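In this document, chain identifiers A, B, C, D and E correspond to the written order of the chains, with residue numbering beginning at 1 in each.
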């Protein structure tokens, strides 16, 4: 079997998994499950990145997302004691939501397919972009965004602390 | 070793980055100092950040007149950038002045607040120079996220929390939408630098997918600039946030969004303008009309200003509905009208918020009915607020009129008569509710005639805006020449 | 005096009041006398500047723009600081500075409730700047700025010092006028675009008058419609007049005087200075409509006057009628008509200004404006009553007093309108105007009979606090009284000035009265 | 010459500003001014008579373009001269008279001020050389008459009368003004001489001329109280009597006649217009004369008689008897002023206008009685008093033009003129009898008036007796002065110089006799007989025994039912028309104001406002505060936008 | 390997995210849904960068920045959620409507 075919198989497998996980994220009745399903999707995405020669991004994805964000989410869920067994986590406008999202999906996918049909990603390469080149770029051309993001993270950090901390008697 | 080399290789024009760097240092300095000063004098953070902003202004001034490009063309320092860096610094100062008493008396985290505020301003400054999708994205986030946090600073107040959450959700949502559009643009053009994108689009020509991606990006920004129908969050958030923060959101943050939009639309996407121009026409009309109509019914000054701000963005959006790459004159006319409008809008809106804060400070309230007889309670405040409102209404000779005039000119010049007519009618409706406030302040008798004393800090910062409004009248040529020189 | 002739004179006359307003801000409100003094001094300085202009004006070339200057302003859109006066605008400018000064004198002892003379004086001065400015501006944008500047002060005057329904009146005034001026602005911009827009477009009235607007008939008519809305609402023409009675009735005396004497003129002046010369063809198209509306206004105003029970309101409606004559004169597009119109403006300014002064003073003395409550004023305070009779008689267009010539010339013009217009229609209009004059005489005499003649009602019989004309009133009114007579006896004083200017635009309508 | 109009105007201001301060309370200014004025005009007139040419001067008043060039000019010829003499003389006498009559009036000073102003304006009007200037004077005298009629304005009726006068005149004035326009644009400017000339040379004619002339005549109708606009004059009697004498008898009301005389060539040129003029005049004189028969208020009697006499003059001009018309104007001024002043003196002493409350006055007021008598007979046209000559001239003129068939209307004029002559004599007699004979029925005891009042009476009486001879047929100099080109002067003709005068006199005397029969109580007869004019009375009485039935058959019906009917129509229809026009305007204005102005148009403004406010409320509702509803709306919007902008 | 496979997949995830945002009650769950949307974006970016091969670098860097920012957002978001929970004992988004007029 040619590599291309394998890739096809892998892609479809991943795609199905991700799609399923995603759907579960927004439908499951258990918040913890929802978070875990999200992990599923994210891991799928990471795998896709690998498939697309973006190992570094893939690792970052795994580390930051799965490792940090989702955990953060779980903490959030715990802290807010979201009642696990709650019968319904959805509000009364499910149908509306479904229609909207379906509409968006229909339109975008239609347009995209129409635009990119027949464009092939050649997977003949053996190596993707090296981490070094990414590092070079970030520290030369993208140094400012990098700096700014660090400020952003700092701000978010400070902000999160300020907001979340329980003030002693102050307010 | 290699790493070190790459650092050396990276030839960055640090001077061009000076304003941002100064800002960052100042912000961090504020944060650090705040850690060590006792609660009693935490307010020093404010003068400190003020000093920082002045330093930034100095840095900006040092760059006036020269065109610099660095970071592989993704960062530009030109008239446009400098104009807005200056504007952000200016607005920053005003907001600082407005914030001082508010936060000092209101038991807030002052140091953190000022830090966040500076971060937000920094975002705006970066935005002014960004010529690259990535940095634009980062900049817009850097404007929004501190905004969100500041909104949540009134921790005890459920309303405030709620508005913070709303703001947060919408902001993140809009970022997602915007990013989706950006990703597609990257996919179509294979570049993130605006010039490159422009060239690519020029040869790609008009395609549905391009229109759609641009549209997604526009939607993303429409949130930030609270254009109808993406404006829902704004009034609630403004109301819930600490008023100085509302001032920040309605001026710096909104202008930041507009700057990004300007850069994108005039640098990256003009060649496919025919496809997306109608979007802006619709947005503009909706925004100004709906904003004005709802504002008619407001009883809360902050909400009123929120809606008036929405309506004002409608006028600025008109400029985008006029973009026409094939006609340089019309194009630059539209562009400049937007610039002038933004500059003037920033000043008068900040002033108006400041006045609202000043009135609400002691015993006062945010409800317009309580403004009755303000004239006798504080003539100065009443007069200054009137100046802002009248200017917002666009009545000559105050600056607001010139802003509208230039938009009118651009519109007529592009011969989009119907749009001009719509603007005209809106101007009348707008005057109506601004006058309603003026009426209460001057015509109605005061219910309690205790004097409203305004501390010096507030007085100066509000008065500064008011003075600017009047200085614009003879100074109009100066501003318009300035704008003329700040091309992209 | 070169500096004076080189635009400084006009700029002084325009901006001295503004300066005064600013100075006033630094005078402590407690020192009322100081406030009044400063305010009056600056108004007086403006008046002196105006007189200086009268002296320096070259009457032999009354048709040309004089004493002006033309400086760069907003280069980007080629809006310039172009000011100047010719025979059309000089009388109005002088009228404005004079009346404002008199108002300031009047305010010395008649500060209406709730007091606050400082603010009131500042507003009056600000208002003056706006009014003078719009008479000297020769650049559309500059004109528009001044035009709008008057809105805010008048809004406050009505709203703060006005009568019971002042808020309604003030807002109505503001919005109504703003509504009109927005479309006027659009019209200006359209003219600018048509004249070349960004490359070489101009806002200069004179240039535009010379080069005209070359565009489709539809375009011209639309633009004219825009201007028409702006000006007609200010005039006000029937049926746009509904703001006027309220504004006048509610406004304080000084407000009504300035409103009637100067502000309304800005509308008619706009027609003569801008709408007609720049868009002559459209003007021809619109003239019949304007004429018809004008005559309706004349008769309508008179009828409404007959129905009034409130003195100020009555005078307000009389303004509608008189301005109707002015508009009729303009609509004829003849030199007779337009000269008559300008004459009518000044005359109406003097006479109705005077009437409002008197109405205000009646209110001061009797604390009522209800005609039914008044009576026998001539008996109780003869001098005052005489003045009222004088003004009323002047207002009904008695020859030998100012009121007559304007109406006469307007009717004369409409007997034989511009060639492009339909004489039959305009002759019918002329007859309508004639009926109007009869009705006018009717209501004015009736008013005299009701408030001035007859016996003194019991409640005022004791005459407590009802004194005859006091010195300051004499000072404030004498100039008006004298001018009413002088202009009436020696109309050349006005027409010699205006005619030259009017002839400048006559060729546009291929008309010289009589042929 | 300029001084003459100027002086009174100056004295007006003088009196207005300093009158109160001077001891005389100001009347000396007026009297002085008019004294000089009279002297000057007399002198000037003599100059003319001595053969100096007419003076025409003018200065530019204002100028618009090249066409509208209004002059401020004077034109002084015989016509002007006559008017000047008349006006200044009467005015002077009235001033003097008023010093007595108005002595106790509280507004003495202002009264004199306006008398002066009036005189000034009148002269200003008379001397005008162009129509517009004339119009200015025309309106000024109108306003002065307004003030003077309303002199006693404490009473509502008086001020109403003043208003009525002014407004009625305004109607005519507008017609006049439009007439001026018509003639102006006919291309011959405002100048009177030029217009006359143009018509005479035939440059100006046809419809334009007719229309113009008729419009001018509109002015005449109101000012000279012609049918149907005469209603104001009787009411105008509300003014002080000297005013009635000056304005409403001698001067202002003849302005219309003067105008027609001034523009005579023009009217003549417009033939049909002239016919209208004469018909109107014919009707007027008859109606007025009949009305005069049934009045009790002595001033009203005189007012109606004035109307019919004015009609006489107009009619004279109408039938082309130019000289006669002007001459009658001249004489009438004298005796009518005399009569009014006399009436004034009666009222002054009897404190009433009503003849029914007088009676037997001749015992108490001999001077008044005699002068009044003279005046009355002059009015009745008895030889050799002034009225006799002028009236005959007119009747003769009418007869002439009738017999020469120049215009059919001349017959109408002729007949009504004769009838009027008859009636005039009749009511004059009635007036005399009711006032001077019989018992005094009033309150208090009447007394003769002071010298300041009696002197003018005698002067005028003298004038009444003498001036007639100026117009003595054939030899009288008047026609040398006052004439128009193409008017033929006839030598002695039996028909016109014997039969007609005698006939007229007979008519008049018959009327008087009849009058005495009708109004005089027999037991009073002795008084009359012993009176100075008794012989005349007996003669009339005997003459008329035979025609008893004839008289009863014809005169009484005319005297009572017809006259009353006419009076009724006059009051109800014409007068009512004027009043109800005023009332109607008021009535109409209320709905216009209330409904149209206050509601409809306002509604448009406010309604629009309300609408926007409402929709504002709707939008406000949509914004319900729920985050996810916002979001839904939003993505719905996105989907729609994309669909709209991308797919379509 | 056709590009549009990836694009459609991402579009799908994006829409699912939208659904979640609109339909979920719990604020944290809404946050999760938004993460889904951001992931969709990243998939786009990476797919394109792979498609562009040599010029693919910016896409990956972009993706990295997106991830970083997402982290920051989540941090702030959760902080707010916790704050609200502390004040109101609930994190249900559709109960957040104090500011109805």
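What we mean here is this: a contact is a pair of C-beta atoms (placed from the backbone, for glycine too) under 8 Å apart; a residue touches a chain by one contact, two chains touch by 3 or more.
Please read these numbers as outputs of a predicted model, since none were measured by experiment.
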item	value
Distance-maximising chain from chain B - centres being C-alpha averages	D
Far-end chain from chain C, centres as C-alpha averages	A
Central chain (distance from its CA mean to the mean of all protein CA atoms)	C
Chain pair with the greatest number of C-beta contact pairs	A-E
Chain A-chain C separation of Cα centroids, rounded to whole Å	71
Centre-to-centre distance between chain E and chain D (centres being mean Cα positions), rounded to whole Å	100
For chain A paired with chain E, centre-to-centre distance based on mean C-alpha positions, whole Å	7
Chain B and chain D: spacing of chain centres that average the CA atoms, whole Å	80
Contacts with 2+ other chains: residues of chain D	609, 620, 623, 625, 627-628, 631-632, 635, 638, 642, 646-647
Sites on chain E at which at least two other chains make contact	3, 7, 14, 17-18, 21-23, 31, 42, 47, 51, 58, 61, 65, 69, 72-73, 76, 79-81, 83, 93-94, 96, 98-99
Contacts with two or more other chains, residues of chain A listed in rising order	91, 93, 96-97, 100-101, 104, 107-108, 111-112, 116, 142, 145, 149, 152, 155-156, 159-160, 163
All touching chain pairs, where touch follows the definition stated at the start	A-B, A-D, A-E, B-C, B-D, B-E, C-D, D-E
Contact footprint of chain B on chain C as seen in their complex	72-77, 141, 144-145, 147-149, 151-152, 155-156, 159-160, 166-167, 170-171, 174-175, 178-179, 182-183, 185-186, 189-190, 192-193, 197-199
Chain D contact footprint on chain A (complex, rising order)	91, 93, 96-97, 100-101, 103-104, 107-108, 110-111
Complex contacts: residues of chain B adjacent to chain D	165-166, 169-170, 173, 177, 208, 211-212, 215, 219, 229-230, 232-233, 235-236, 275-276, 278-279, 290, 293-297, 429, 432
Chain D residues within the chain C interface of the complex	60-68, 132, 135-136, 139-140, 143, 146, 150, 153-154, 156, 159-160, 162-163, 166-167, 170-171, 174, 177-178, 181-182, 184-185, 187, 582, 585-586, 588-590, 592-594, 597, 601-602, 605, 609
Footprint of chain B on chain E - complex, ascending	3, 7, 14, 17, 21, 27, 30-31, 34, 37-38, 40-42, 44-45, 47-48, 51-52, 55, 58-59, 61-62, 65-66, 69, 72-73, 76-77, 79-81, 83-84, 87-88, 93, 96, 98-99
